[in-house]
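The structures come next, written out as structure tokens.
Shared chain: subunit A. Partners: subunit B in the first complex, subunit C in the second.
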Partner chain A sequence: MNQIKFLEPTTFSEASTLLAERGDDAKVIAGGVSVTLMLQQKLISPSILVSLGEIVNGDFIRLESDGLHIGALAKLHDLERSQIVREFCPALAHTFSVVGNVRVRNQATLGGNLSAADYAADPPSMLMALDARVQVQGAEKKREIPLDEFFLGFYTTALESTEILTEVIIPKPARAAYFKYTSISAEGRPCVAVGVAADFDSDLCKDLRIAVGAAVETPQRIESAEAMARGQTLTDELVAAIANEYSLTLDPLTDVRGSAWYRREMIRVFVQRALEEVRNDR
Partner chain B sequence: MIGKSVPMLDALARVTGEVDYMVNLRLPNMLVGKIVRSQSPHAKLLKVDTTNALQVSGVVAILTGADLGANAFYGAAIKDQGVVAVDRVRYVGEPVAAIAAENEDVAEEAAMLLDIEYEELPSVFDAQEAIQSGAPTLHEKYPNNIFIHSKLRHGDMDAAFAEADEIFEDTFTSPLAQQSSLEPHVTAAQWDGDQLTVWAGTQAPYMVRRVLSENFGISQEKIRVVVPSLGGSYGGKGHIRIEPLVAAMSRKTNGRPVKFLLSRAEEFVTVTKHAASITLKTGVKRDGTFTARQVTVYWNGGAYADASPLLVPQGMVRAVGPYRIPAVHVDSYGVYTNLPPAGAYRGAMSSQATWAYESQMDIIARKMGFDPLEFRLKNLFVSGDHFATGETLHDVHFVDCLEASAKAMNPSTSLRAKVGRGYGVMMKSTVSTSKSQARMSLADDGKVTLFTSTVEMGQGAHTAMAQIAAESLRIPFEMVRVVGPDTNVTPFDSTTSASRTTNMMGNAVIAAGTSLKRKLIELAAPLLEIPSEELLAENGKVFAKETSISYAEILKRNNLNSLEETGEYSTASKMDPETGQGKATPHWHQGAGAAEVEVDTETGHVTILRYTSAAFAGRVVNPHLAQLQNDGNVIFGLGPTLMEEMILDGGQVTNPNLADYAIPSIRDIPLELISVCIESDEQELHGIGEMTLPPVAPAIANAIEDAIGVRIKDLPITAEKILHALQEKSKP
Partner chain C sequence: MILNVNGSRHEVKAEARMLLDILREDLNLVGTKEGCGVGMCGACTVLVDGKPFSSCHLLAEQVTGKEITTIEGLSRDGNLHPVQQAFLDKGAFQCAYCTPGFVLTTIALLNENPSPSDNEIREYLSGNLCRCGSYQNILQAVKAASEMI
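Entry: the complex of A and B
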């Protein structure tokens, strides 16, 4: 068996060029959390690993006029502790803090977490609810992809084979909440993940985005259900109706963390709890 | 020294990662071993062709069934398991061949080139299906797949059930689970002519030596088994596992050592906790006393008997429970299926059994209107009672254990809605017949080496033994070092398991220390010119009123460089094989637990608000380590209670990793965790490695029923099962 070649470019553009040159034999590795697992389980067998570890300034966290910009190489543990992230959106810092355990968060990068497109993840649902978008670097050009259009299926994203996620941009939410429900071990992956972002004009809900993940193939929003809240007071009845809509519309999967039946129930419970939290958070 | 919370000898080394675990073992010229495993649950092996695999540069040798000859089979009791498969495979993951290579990559490449052909046979995975006529037979010697049937017959069942006012019949199940020690199985072996050295991650070095001697037809003294510090075992490294395979592989490498380090996924196909189905039929009178109990247990042994023939009879007596019941019959069956072999799992057989009898206690209490705590206290064994084996029970402290747990629970306070309390008590036998020897050697600098084959696996046994050695020889703790196990150096011990070490090895150490002390006094008498009857020993000195002499000085003055003594402690218990009458165990393990839980009725999620446990220890050697054992048991027990379950698809484990097979994390532990050790006037040393584990599952299940009125009978108690039961209950 051939040893895997380990390449360490210093810029994203160089990394993307390497991917273009090496084709399907090459695989990008950042923190290595999911790539190492896939290598171990022989789900992938690249001959070249393009490491992003030597890329300079790829892990920034900075506030700009259009929102929070996070470099793809920022570690989840740094994000959860960042004062900038905490002040910008406490629910987002919380989301990072509940991923796996501290050993995982010390290693995992945000770009890696999103690019892996593992359905049983935390950040994707919260970030989708926050209407985040990602910058990607191709061999020839850069482009921006809204997170709504990023996740295509199990372990599949809108990234082209030569593209690398470089940056995540998150508009400032008025209010947000993230609920991770673990059905088995407290440090396990989510059974259901619910991210909510909302804006209110006194009691009236101006805008609402709810993304549900981990229970379905990719994080999903139901715009018709979100629209039920627009211009309305979030009464208990309305909250229950929206939660019910998510529960009935989504088509949950079955795995070790719960059956489709159970997940349908949990989607209802946690969409409701997340909505109650944004409603009551003044 | 006994009774002091000295720090564990290797505590710092363990937390700083300096312990030399087997994972780090490097021997000169060492090869990497890799096991090639069956992908079929049950098949004839038509071909294992090594031709192409042997061509890979760096492959040194490949072991297949064809190499094994007459001694191809091994087992702790029934020799039914091929060192690697011979002609037939019986579970997914069974070793078919082994490869010794220069490095891992080479071994992996060779593994892919191995040409294996199977002819599929019908398979069966459930023990109760496996005993039906028409089910596939795994081993021709046992056509109905029952390889052991243990029987307990005590009293006239028909008459006793006729006296009952109510008869309860319930079945409780436990799924397949894995011991999940952080350190996987690691073993290395090297031959030098007809001499074999094995570095083994095992709990039973002398059993490994005996089995290897039988397998290779060489005398035991030609085999040396060395056991470094282990990173956890929980029964999974008990008995005999991959050692015969490793030794057979290394016999083909011209004297080069070979090391096998199993992956996490391989752990799941190497040993498991017995899946079990236990049916209890119990007769109760309106006054809250028992008349009879009929127990039927099916232990799923997997494809090979492994330790089951030793454990199933224990599982029989462990299935009865700690209550006065005049008539008891038990049928305990060990059954072959096409699953990985089952072995000991901390609280072996007791966890499955306690889950059943302590769950049924609450079912009975609720139905008949008794308080679950009072109902237990009224029926628990006390000293002088007779167990269903006919033996008289001594030094019995079930009531003390339960009361201590209940008291810490503060039962007088009322509970909020959705909060409930539950209790569990356990009664467990230890190894019925076993022996421990210890040797203590005093050097002329006054330092003492304790030679023991007790395995240190993180439980602190070497620290406890050093404390007992210091106490028995009357020397400071710091003067003792512990060596072993190494069968060339340290004397015999049956096994480090079944919570027997503190009791058995502890008494062997006391015997060694006491005779060494006596010898020192005899040697000191002429030096001090005082008769030995008037001399005492303390703090490393022999003394009379105003005069004393140090141990070191005694040796020097007698021109001795060292002085050694050996101690031994052995037990033998026997039951009639047809009736189970006799004596099941030298002493009984006694423990209890109480849980206070809160249930989220929208999700079924359980939060353990408080858990208190109590273990009977006789005399506590090290209070801090004892508390860690008790608390560790409870945390360990939360796994099979709430989350642990191997998921299988066609005999293949589909969650063989610690992301999908969940074990408790630090954030799963009870918000409040309390433990108590019970001591008694007899001051006997008792093991405490398991006592507080078996009560965890029923105590929590009982607390859940107390909180929300649903009863779960199948482990693990997942949130999904609870929510499902709640919805069923609310249906009109």
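Entry: the complex of A and C
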């Protein structure tokens, strides 16, 4: 781990330029939760760390006409306690509050959490259900990526090698819920993560988005299952049918937190509970 | 590189080493323990500007210019910090390997929330593991400390 240069640019654009100049030798570090673990386990061996710790105003939380804007460097513990986040979407504040432990949440940034694309994470599923999008800064230009297109695989995102996530934009949901199932008491990582956002016209469901993560490589939505709810009353039978569709269609993984079979069963249970919560939340 | 630890400035060689290793090996502050080494158990907890962090996965470069508090920095003029005293009074440990982490996390909790409920205490301390299972006494100690402070 010796002889790593620690560079501290003060703007995202400067950081991205450094990445362009230094190529594969350089790694971005924000809060450092993932990067330090990967350094310790020798999964990465960069000669340069481009730290985002000195970037000015990278951790804002503000409400705009198109929704909530969160700076990529906002810490999860600050987000869970933010009055703005709590009033905008209680389920989102709840999602941040159940990540890891308080030390992780003090260190972890929202941008880092998404960019690491660790499958066993909480925010990605909730934010995908909320139809969030991210702003990224490249060496030459900025662009916006819908979260639906951001996660490509294990620890792999749509970010190009010089791009850095700078901001997350979240449209206001009518109702939302986040359910996390943890199978190992000594750690906070989910075995199954379910985010739901929904809109209703009295009893009729106008719109529904369900993203399931942690049990699969990247958070997944099944649009045909979501469409089953459109224009319908969410009866117990319909909720069970949608949960069943997620359970049967997804291809869960096996790891220390549960087998594929077990996760298939838990997906059914937790999609059902999350749907019941948005249905009953008036 | 300069680190501010327990109110003193220390010149250290960083070279992308973890804060825990610098505290224990260079500064001989061995009250900070290594447990799991991956941020799950809380034995290596230190306060950075008053907030709890796992020193086992924090690079020293990330905390230059910040105030680091370890368990050695709590007592004043030979008197224990009220949270330390409460842990002692309630016998909130057996082997005590996890205790520095629990004490520092409790201080951070009471800074954020001076009168936490039992559930809030359990929630905040859920990332600190005590393998002797002294949790009931720890809960009593945190409640006693919240009344003292």
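Here is the rule we go by: the second predicted complex is superposed on the first by the 278 of 282 C-alpha atoms of A that agree within 3 Å, B and C clash if a C-alpha of one lies under 4 Å from a C-alpha of the other, contacts with A are read in each partner's own complex, and residues count from 1 in each chain.
What we mean here is this: a contact is a pair of C-beta atoms (placed from the backbone, for glycine too) under 8 Å apart; a residue touches a chain by one contact, two chains touch by 3 or more.
Here the structure is a predicted model, which means the values were calculated and not measured.
Novice: Given the alignment on subunit A, is it a clash or a fit between subunit B and subunit C?
Specialist: In the arrangement built by aligning on subunit A, the partners subunit C and subunit B clash.
Novice: Determine, under the contact definition given at the top, whether A:Y181 touches first (subunit B), second (subunit C), both, or neither.
Specialist: Touch status of A:Y181: first partner only.
Novice: Report for A:S259: first if it touches subunit B alone, second if subunit C alone, otherwise both or neither.
Specialist: In the superposition, A:S259 contacts subunit B only.
Novice: With the two structures laid over each other on chain A, which partner does A:V269 touch: subunit B (first), subunit C (second), both, or neither?
Specialist: Touch partner of A:V269: subunit B, not subunit C.
Novice: For A:Q3, is the partner it touches subunit B (first), subunit C (second), both, or none of the two (neither)?
Specialist: A:Q3: touches subunit B and subunit C.
Novice: A:T11 contacts which: subunit B (first), subunit C (second), both, neither?
Specialist: So A:T11 meets neither subunit B nor subunit C here.
Novice: For the three-chain arrangement built by superposition, which of subunit B and subunit C touches the greater number of subunit A residues?
Specialist: C
Novice: Determine, under the contact definition given at the top, whether A:N106 touches first (subunit B), second (subunit C), both, or neither.
Specialist: The second partner, subunit C, only.
Novice: Does the superposition put A:N244 against subunit B (first), subunit C (second), both, or neither?
Specialist: neither
Novice: Does the superposition put A:Q232 against subunit B (first), subunit C (second), both, or neither?
Specialist: Neither partner.
Novice: State which residues of subunit A lie in both footprints, the one left by subunit B and the one left by subunit C.
Specialist: The overlap between the subunit B and subunit C interfaces on subunit A comprises residues 1, 3, 37, 101, 186-188.
Novice: Hey, which residues of subunit A end up touching subunit C in the complex?
Specialist: Those residues of subunit A that touch subunit C are 1-4, 6, 29, 32-33, 36-37, 39-40, 49, 51, 53, 77, 100-104, 106-107, 186-188.
Novice: Where on subunit B does subunit A make contact in their complex?
Specialist: 105-106, 108-109, 602-603, 605, 642-643, 647, 655, 659-668, 718-720, 723-724
Novice: Where on subunit C does subunit A make contact in their complex?
Specialist: Within the complex, subunit C touches subunit A at residues 14-18, 37-42, 45, 48, 51-54, 57-59, 61-62, 105, 108, 124, 126-129.
Novice: Spell out the part of subunit A that touches subunit B in their complex, as residue ranges.
Specialist: Interface residues on subunit A, with respect to subunit B: 1, 3, 37, 101, 181, 183-189, 255-256, 258-259, 262, 265-266, 269.
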